[in-house]
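Think of it as A, B and C in the order they're written, each chain with its own count starting at 1.
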Amino acid sequence: MSTQTTEKDASMLKQKEMIADHFHALAHAKKNGKKVVYTFVPGNLTELINHFGLLPVLPEINALQSGMRGKSAEYIAIAEKAGHSEDVCTYVKTDIGMLKAGNIGPTGEPLPKPDLLLLSYTGCFTFLKWFELLREEYDCPVVMLHVPYQADGAITPEMRDYVVGQIRREVIPAFERLSGVKYDEAKLRAQLALSARAEDDLVWVLESGKHRPSPIDAWFGGVYYIGPMFTSFRGTQDAIDYYRLLREEIQERLAQNLGPVTPDGPAGAERYRLVVEGPPNWTSFREFWRMFSSEGAVVVASSYTKVGGLYDRGFRHNPDDPLGTLADYCMGCYTNLNFPQRVALLESYINDYAADGFLINSVKSCNSFSAGQLLILRELEKRTGRPGGFIESDLVDPRYFSAANIKNRLESYFQMIEARRTGARP
Amino acid sequence: MNVFVGIDLGSTTTKAVVLDADGAILGRGITNSRSNYDIAAQVAKDEAFTNVRFTVLRNTLEESGLLGGGLDEFWGLLTAAFELEGYLGHLDRLDVHCRDELGRGHHGDLTLPLSSALANIVKRLRDEAPDLFSPGRRARSDFFRDIAGAGFVNAAGEIAKAGGPPFDRIVGLFDKSIIPVENESDGRGFAPRLSAAFSRVTSGGTGDKAALRQLLNRAMGAELQTIRLVGTGYGRARLPFPKDQIRSEILCHGLGAHLMFPNTATVLDIGGQDTKAIQVDRAGVVTNFQMNDRCAAGCGRYLGYIADEMNIGLHELGPLAMQSHRRVKINSTCTVFAGAEFRDRLAAGDAREDILAGLHRAIMLRAMALLARSGGVRNEMTFTGGVAKNPAATAALRELVRENYGDVTINIAPDSIFTGAIGAATFALRDSVAARPVQEVA
Amino acid sequence: MSAPVQEKIPGRLGEMVAKMEALYADLDLAAVRDWKSRGQNRRAVGFLPVYVPREVIHAAGALPVGIMGGADRIEIVRGDSYFQSYICHLPRSVIELAVVGKLDALDGFVFPSICDVIRNLSGMFKLLLKDKFVHYLDLPQNFDRRLGGRFYIQDMQHLAQGIGRLTGVEVTDSALRASIKAFNHNRAAVRRLVAARSDRPWEVPTLEYFLLLRAGYLIPVEEHTALLDEYLELVGRSGRHMMDNVRVVVRGAFCEQPPLGLLRTLERAGCYVVDDDFVLGAHFIERDLDERGDPWEALAEGFMEYSVPSASKYDEHRTKGSELVRRVRDVRGEGVIFMAPSFCDPALLDQPMLAAALEKEHIAHTALKYSEDTGQFQVIREQAGTFADGLKLWSNA
């Protein structure tokens, strides 16, 4: 990376440090008498886990890190050898394979075994199977938090009561037993207030994509920006500091009319503004990003950066209603939205962010995202009149990332936008 | 003359099209894509230029009135002789490369027997060649690899049976040498080859040889100046062209189909490795497209496996399927299981043609799904790609389109294999008209 | 199209089987149309696998109709354009049926929460069939009656209101009790069928067993109960002969259903299926529900306490492995065939856990995949045949 950008990387360094500290704490959890809770990203109860001094482990994050570190193929092979089908979710298989290969985390330090599995069943059916499988491996207690789906496009009072009831009667007592710490509502309120502060800055960052040129890439770059908020740091001073730094950096880029910074340095001129639906691919993350940046394509908004909450639609953790707000958070994640909601959200992004088109990256692993995406494509084309693109890959199974194929489609897609823009020349 | 060239590097064949400044097609060339895309592009382009020169020559001959009513016959003889000369030239190169291979000392005691077998085979191929390229005779393939390969294998079989070296050792010589042969363009160049062909045709002594030769030289002397060249196709990324001279095959196919059939709204292209469904606007600009996913089910390759399984030529599949009276329902178009599926059905007592009819329909069902994803079938629809030559595939498509979209005109061009190259050449022409920096291309 | 299901069966039994085959084969739902035409303002509501409390639909005055895809009987023209190659087959045929109008006889649709594909399919129906009633039934994964149970009752009541708006019928407690009673009768009859099949599998071939269960998804419950009773009486006197087949338990086929040819192949390969999860919703609740108290509570109790393990239901007490072992022992099963649809995440992710439980007890198992339109059975025949031969060798050793 060029020296020009190193100064701008303060937020990145900060995030790296936070992650390293967290995994270090995990590696020494048992020695330090800390208890460990495994749970999932969408609708996670980070504040509550931290509240009891418990340490969270997020297997999805480990799986994607394994993908980025080039380990997932090996792990998937281990899991398939142990009887898992080629057809199923590769996050699960990467996690199982990693476990069987010694459970070394992304920073090279070992991960502790869970003392509890918090099965927050939000927006993904596979989570349920995943923790049933981990329970077989670790033989530890599981707490089920069933988060109902927004089937009719809203959170009803019954749904809310159900989730609040589970948190109050099952999750909190389990955490109390595990940690020996008593639940303290005033303390939780204070944590939630901190969450909300950082959430404001995250929204500002994500919405900077409305500027032309966009100072951020809201998908490839976006996955870094959502990191602390969607994982173990929400409600901490660290998160507030990180988002403050990030916001300042982007503010500066905005003032100078600069585009995003890519792994290869500052992006060139913005030629295509895109809205993207679906998760990225992790095994060829940089190569994938380069296929966009080399063509001047910038993702200005994405649905993936909403898997941990639709903050940009106004949700904030509310200290005045601590358990209710946690329930709303759980139910409000992108993958818990119904189809009409997803289409409407993407449609508004395409319009609000003045996108030239939208692109779906359909990942083989994730049916929650992928099943029905072709209908989303069709609906969005109909409603916005803007060109839609469709590419297929996977989260962490390199067998499903065909670089030549994806590049071919992307180039065709970008050239199509260009051709449609200029019309046919005589 | 100023010309504009489009080259389409497909996974199995490489095509070139040459346009004049008015956008009229002057010539086409096609070759197999082989391992070296640069060579493939060069060969296709050479073929297209040859084709252009022949067009010019034909026009010149017609204008001269020199041959009167004998023009067509002469023309048939000349083009056949030209093909024959090309074939013989390649045969020479094959001989050289095979001898080089024998000279490497890998063959021990077999070196001498192999050498004599080779001489025998080359002589046979040479002797058989004039017959293969007699006027009006259609070769089974346009490619040297296929034509010479078939003869080589036959002869090798006979020699082996008659107590010569083992069959696979003889054929091994061909296999080792064919790639270098393909990777050389015809060493002699166009003019000497035509000249040789001319001598062959006129050796009988009819007509005014000197006057003809003069005309020939004049037509051949015309300079073809490539103003701009655009590459497309799956292999385009490997072309040694600047980026702005490369276009996606989707765009080229859309435009090419529009140029061939100006009312085209929907394009279906089924090639060896992929299937494309494209929607274009009134000007031939692509508005939407879908390609098949990771799985190759439903592509031309699938038919290739079936043909292999049945041990018949790919082009024989369609006509055989057309004989069906009772189509078998096939659900899976999984390429991996194509052979098993076929055997299973045969074992169950179904007739070959009925199974084939079912397979063709199954493939077109996949195409229908892709078409629906891209926005459906609109009037008119143009069907291109290698599979468009297959009568059973086109019949299945017509049937499905009628069932699902009603009355839609379906265009199928006999030379639809050049669709992408026509689009690319037109982009070359348009790019040079639009005030883009013109880059000279060698 | 598939070859005839089997040799012609004589007499009344033959008539019954032919009727069930016709029901199964009729993708246009003529039986449902017929039922609707026999009364004023009759409504039918479709539901997807695995389980919905049909009592609620019944009590609201509608005919519950199971939607289990198109098997190998429908050519997928449009369905594939909505789904990538790595999605299972069932939603393709369901969409195909919906968009070509073959589900027009249905006035509403219930999608139970069994996996992400069916979940998303509910939203696709909302977008594609805007004038139809679509309800996503969020079956509880929390089995505390005060939490999951309460939520489930509320959800069922929303469903009842929704269907009530179609039929004009308000679901009263007494009506719901009457429905529970009707379904209790049906459950009892299904239990008799299940028992007969596992006791004397030569009398109740897998194919007929399957068709009987499927018929229950297409005709009124009262008729189905009568059909089951008559069938059982007839097969008892059929004089069908026992063959030298092994007794296997099948798991994984609870949603997308295997084609008939596959069921026939298993038996021909030497396997009597003596326990399974085909058409699981028809035998999901193992005992009669309370007919006297609060009927909503009775339904909640049924789902939460008396339903069988299934991959799409959270295994709260970690008993699914031991339950499978117990079941295998109960039916004197000699081995287990895991038979899951391709790309079925719940079934396929469950398999390693179930397989481990079997291995601990030295119960043999094998695994194969299918899709509802699988057309070739040679590989399956060989695999099932080898498995059966292996089991025979073991038992003779």
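By our rule, contacts are C-beta pairs under 8 Å (C-beta built on N, C-alpha and C of every residue); 3 or more make two chains touch, one makes a residue touch a chain.
The structure presented is a predicted model; accordingly, all values stated were derived computationally and were not measured.
When every chain is reduced to the mean of its C-alpha atoms, the one closest to the centre of the whole protein set is A. When the interfaces B-C and A-C are ranked by how many C-beta pairs touch across them, A-C comes first.
With respect to chain C, maximal separation of chain centres occurs for B (centres as means of Cα atoms).
Averaging Cα coordinates per chain places chain A and chain B 48 Å apart. Separating the centre of chain B from that of chain C, both taken as means of CA atoms, is a distance of 53 Å. Each chain gets one centre point, the mean of its Cα atoms, and the points for chain A and chain C are 36 Å apart. Residue numbers of chain C whose C-beta contacts span two or more other chains: 81, 84. Counting partners per residue, chain A has 374, 392 as the residues that reach two or more other chains. Contact with two or more other chains is made by residues 293-294, 373 of chain B. Interface residues of chain C, counted against chain A in their complex, comprise 81-84, 86-87, 91, 113-117, 119-124, 126-128, 135-136, 138, 140-142, 144, 146-148, 150-151, 154-155, 311-312, 314-316, 318, 340, 342-346, 348-353, 355-356, 369. Interface residues of chain A facing chain C in the complex, by the touch rule stated above, are 82-85, 87-89, 92, 119, 121, 124-126, 128-130, 132-133, 135-136, 144-146, 148-149, 151-152, 158-159, 161-162, 165-166, 169-170, 338-340, 342-343, 362, 364, 366-368, 370-375, 379, 392.
In the complex of the two chains, the chain A residues touching chain B come out as 374, 377-378, 381, 387-388, 390, 392, 400, 402, 404-405, 407-409, 411-412, 415-416, 419-420, 423-426.
Interface of chain C with chain B (complex): residues 1, 72, 75-81, 84-85, 373-379. Residues of chain B that touch chain A in their complex: 234, 237, 247-251, 255, 281, 283-291, 293-294, 373, 375, 430, 433-434.
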